[in-house]
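Before any comments, here is the structure.
By letter and in written order, the chains are A, B, C and D; residue numbering begins at 1 in each of them.
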Amino acid sequence: MTQDWVDTGVFRLPMAAPEDVSSLRELLESGKIKAEEIVGIIAQTEGTGYARGYASLCMQLLLAEYLGITPQAVFDRIPMMMIGLCGGLMSPHYTVFTRSVVANAEPVGSPRLTVGAANTRVLAPEEYGTLTQVKLVAEAVREAIADAGIDSLDDVHCVEVKCPAMTPARLEDAAQRSQSVVSTNLGQASSMSKGASALGIAVALEEIALTELEDGVINRDRRLYTQRGSVSAGGEQSACRVLVMGNSTRSVSPYRVGHGVMADQLDTVGIYSALKAAGLEASGPLTPEQQQRITQVFVNCGADAVTSVRDRRHTIHSDFLSGYAGIVAKAVANAVVASVTGDPMLLASAGNEHQGAPGSNLVAAIVAVDD
Amino acid sequence: MTQDWVDTGVFRLPMAAPEDVSSLRELLESGKIKAEEIVGIIAQTEGTGYARGYASLCMQLLLAEYLGITPQAVFDRIPMMMIGLCGGLMSPHYTVFTRSVVANAEPVGSPRLTVGAANTRVLAPEEYGTLTQVKLVAEAVREAIADAGIDSLDDVHCVEVKCPAMTPARLEDAAQRSQSVVSTNLGQASSMSKGASALGIAVALEEIALTELEDGVINRDRRLYTQRGSVSAGGEQSACRVLVMGNSTRSVSPYRVGHGVMADQLDTVGIYSALKAAGLEASGPLTPEQQQRITQVFVNCGADAVTSVRDRRHTIHSDFLSGYAGIVAKAVANAVVASVTGDPMLLASAGNEHQGAPGSNLVAAIVAVDD
Amino acid sequence: MTQDWVDTGVFRLPMAAPEDVSSLRELLESGKIKAEEIVGIIAQTEGTGYARGYASLCMQLLLAEYLGITPQAVFDRIPMMMIGLCGGLMSPHYTVFTRSVVANAEPVGSPRLTVGAANTRVLAPEEYGTLTQVKLVAEAVREAIADAGIDSLDDVHCVEVKCPAMTPARLEDAAQRSQSVVSTNLGQASSMSKGASALGIAVALEEIALTELEDGVINRDRRLYTQRGSVSAGGEQSACRVLVMGNSTRSVSPYRVGHGVMADQLDTVGIYSALKAAGLEASGPLTPEQQQRITQVFVNCGADAVTSVRDRRHTIHSDFLSGYAGIVAKAVANAVVASVTGDPMLLASAGNEHQGAPGSNLVAAIVAVDD
Amino acid sequence: MTQDWVDTGVFRLPMAAPEDVSSLRELLESGKIKAEEIVGIIAQTEGTGYARGYASLCMQLLLAEYLGITPQAVFDRIPMMMIGLCGGLMSPHYTVFTRSVVANAEPVGSPRLTVGAANTRVLAPEEYGTLTQVKLVAEAVREAIADAGIDSLDDVHCVEVKCPAMTPARLEDAAQRSQSVVSTNLGQASSMSKGASALGIAVALEEIALTELEDGVINRDRRLYTQRGSVSAGGEQSACRVLVMGNSTRSVSPYRVGHGVMADQLDTVGIYSALKAAGLEASGPLTPEQQQRITQVFVNCGADAVTSVRDRRHTIHSDFLSGYAGIVAKAVANAVVASVTGDPMLLASAGNEHQGAPGSNLVAAIVAVDD
């Protein structure tokens, strides 16, 4: 049926600062983006968590104008995933995904990019990092896949989840209700929330059977992981927000998405695999024309999950910046991927709780179809 | 004459910690390295300057045993260049260069690796960062080139200089003698010392004519630079120590050295150029056999000299780890080069004072000759 | 004339996070603070500069509601001085100053707290750190003193200035107009802007004669300083914003302000002097009742201007956190002052450009009058 | 019997750098310190753990000369406790304790300073953080008390313990022997080692009964703690090294030691208590003469064990330097204590595992007897 055709837009926009939403404003003003067609935003903000909140508020204020709703209603409606702290060559930016129904489209002959979103219900702090969260996320991922109109799990190439972080207020709330949480350490509890979310993705994508899991394996059994998911946590979230990217024959988007795995930080073959899966085949250095077709790359970085690469000891956890291994891990992965794609304005996120084998990077690439 | 033949050894040895000199001890014990043949050591130590001093002392104590001289005499005799602070995948290690005279060698048919060393005289603090330092370093580089037995400047591929850093004691010394220094800010004065040293290399290699220079250009005119030198400063040095690597037909070493320039942080072509100059030609990913031939790589990293790469703004100077841009710059360059060579145990040093065009990396590779 | 009486309110409010303006919202809702009576806000925000902007935007949004003007108009109307980065025991909070005309007040018999505000005109980037800025700030401080209704300079106890920081955009603007700036290094240019502002305070308070000054002394001659001023810089400011606190017989405020100088970081006598000047006399430890009367303390911290205290070398500029000496300097001063006042929720700001003799702290205390 | 009299010397010596042992060398050369009379050294080194090792090696090399034994034998003989990382006003230094037998001494009429040392046996990695370690430390503390010639536990005022940290090599060793350790996370296992050591002190001092303890309480039950102990961990230690300071009527030392507790970071009363216990009574600010009598102060700092002080939230664990809360905690405690004693060259160590109630500081002062 003609009403089934959808078009998916991808807009990667630079930010001069966390509060800089001028590029989006221009596109809204010119009509190139319609506010009501935005299905999700993933941003790489510079600075700490406060900059994430600042950027989010500025986007909400802008979209509230165009949607005629409150900033809070914008937050509830559109998943906004802010990944904070840039390291090295990382270039602050945000990616806006849009979706529009296209009447009477011509079939394009190959599966194209489609994006879907879904949320879990609000989680209680005592549910963070538990099998309950695994199941809720798995369910939301399945919903988002359906929302994207993807028929086969093989067509899902990237699942981004923003889950709740533990906060002092939430700890207190649980304590007042006499509920015990997975950890009273904020960082550990938040890490468990990420771990459960990642396992939820793996279950939804059938990389792991739910029956293999129990509470005790979360953030313990490192043999269990998804290879197509990336999770971050934020205190601003009370539910898990899910964004799925995949390909569908019902999409007439000019883009295709694919994924690959870098077995370790030096494995450029994994980058080429992701590009190939997205329709860009190359052996050896890319031409500028090929690089131009790469619209966005999402990398989940795992350098900080291990203490060596190819049997060479590194000091990412013990040297001067030891407290910030995640930032440096992102800097490293961003640089290596950018040395292939030619553009450091890609999304690099750290977090290795059940996201890839320890030390590996997960790469998803969106590539413009070559006509 | 047969006595002209020299052999140059290169031993790249891992360190489990700054005080770990066990690999060198083993090689000395087994006779694979003769202490009196060591012409220089360049180390990449983890940790701050104190770890550099610690590592140096441990090496001095070890070599004092084998040379039968005091630890201080070891320091005076063998240039020991300790590059501190590892970031990302950087793997602590040290490279020991040896030189031995070979009687009755067979000519090997092509120029091979040779290494030479020299020192300037002790500099007064008021000379740091001045044209006097430029000239003294230029002279020492020429001496080291002669020491290496290199005939043509084109055969010089890497000059490493360790120059004096400004210290509170040196400031005071100059003040007491009513001498004014280039800056009373320790960091700035040390940076000027590095800048003057780099220009000294450029003059010796005839990349710049001495007549083009005056005190005012040091660390000001960024169009002046060497493309084959790398400089670091240390409070332990009172003279400039110079180590030159190049090729000579009088060497029967199994290695060759070459250099290349990465125009920016993503420019892998510059890495391939260096490898090719060292005798390893490849288009596209290296085979494991080719990677195996790469004995050591020296990279001077310039990411922190600029605020963007390929027109993408980065936050290396403004984000969370802003005070440590040099470490992150090293992490980035190390990762990109290692993604080509397959080994992160290479030497990455930061410092962009007249060392390459702003934002570029200088790469020198030592490669085993392929027989 | 009765219309001359003014009342000055001081509200010190905790922040649970940069975006937390709930305490101010409550006071506005309950009518305890009237939005139109707010003359200035000084905040101590946690986090970096982005958190400062975030906090500012949240306050602007709140006050825009109550004043019926745009957030930008709020920014233009009310000086909002955000001091970022808390260290140690520092407790994020903001201080709201209000001023209201009181008809038919009873004279209170002693000079009481009064607050005045003023701005310079917008400065061009090439004016930052120059004598022009010194003069403009001096003029604005005089205006703010008049605005506060203070008759004698002796009654001025604390001048807070927020001046423009240099930004890449401003550098570019100056370059395009072929104007040269004091430094193309962002940090140094911003530091010069602070230095010029501090000297402007000193000139207005007649601590220094304008005739003593020339461009060359700014941030060079450390013998020149104010002992009643504190300056910070921000990229969000294009003019200098000035807030003056002093005492006036025309004020019926329940508070009095006083100042003192801590000659070095261990000099608690300076704290007692400030309290005494504000009407709280004590020799030795304060009673809880006395501590209760201390409404707010402003400390300008100078630990990082020197490298020793009482002839004991410290490592604030060379040890692990060397890049962050200012934060640690604030942590140290905050702790020492709080150990006297009993409350770490005081305002500690770093920056020693012409703000006190090197190594000293400037202390201003607002104390409730003891009836 | 006359041979029972001992004299205890305390030498607090500044370090210009970790490798600077010149002050000790001078005292050895002049005969003011006899190498064979040294019973322990506690140093506050700048820099990270590598600087600790560097300082230790330099002291060992120096003492090896004077004792005519190897550097390793020096390490085995003399407890050398290196506390690394200075923050804020902290001034790098080391304290050398000596003990000599005095024949025919005159009784001095009051208990005086005495110092004792002891070691546990070497611990296996799997014993770190267990009740076994608690018991071994308790035993060693009792031995050190006996060694010091202290009769009553009330006369013990400060117990310093340096215990083994977990290292990768130790983890591997345990794994190879199929032994499970308390945690495979290096930081957590080392923290458990400190916790067990602190509980060992508490047991020896009868602050806690051994019967109250089981493995599960270590680093869990924060109601259990010593108020006279301070513990740090180091990878260079394989046994626990114990140094006890107390008073004895058999000592003719010119010093006395006392202790006190700062209930929170602002509680200066606890400092005065410690001084009073050591024989220096004062209400209110000390005179310079009184300050002069204070020979050394040891502070165990607990700011980072809590997230607020006097109901004021602080950001020591969440703000910019969040990874370094311990350093900032030391900076804060050092500054507050030094504001009373007038000298920042005191020993401040962090670590709150069973060392004082959460958020408190433990203070021990050595004061010259006022004749």
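Simple rule for what comes next: contacts are C-beta pairs under 8 Å (C-beta built on N, C-alpha and C of every residue); 3 or more make two chains touch, one makes a residue touch a chain.
Owing to the predicted nature of the structure, the values given are computational and were not obtained by experimental measurement.
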item	value
Chain D and chain C - chains in contact with each	A, B
Longest centre-to-centre distance from chain B, chain (CA-based)	C
Where chain A and chain B are represented by their mean Cα positions, the distance between them in whole Å	41
Centre-to-centre distance between chain C and chain B (centres being mean Cα positions), rounded to whole Å	48
Distance from chain C to chain A - Cα centre to Cα centre, in angstrom	42
Two or more partner chains touched - positions in chain A	46-48, 320, 324
Residue numbers on chain B that touch chain C, as the complex places them	48, 168, 307, 320, 322-324
Partner chain B, residues of chain D touching it in the complex	17-19, 46-51, 53-54, 57-58, 320
Chain B contact footprint on chain A (complex, rising order)	14, 16, 46-48, 85-92, 265-269, 283-285, 303, 308-310, 312-316, 318-321, 324, 327-329, 331-333, 335-336, 338-339, 342-345
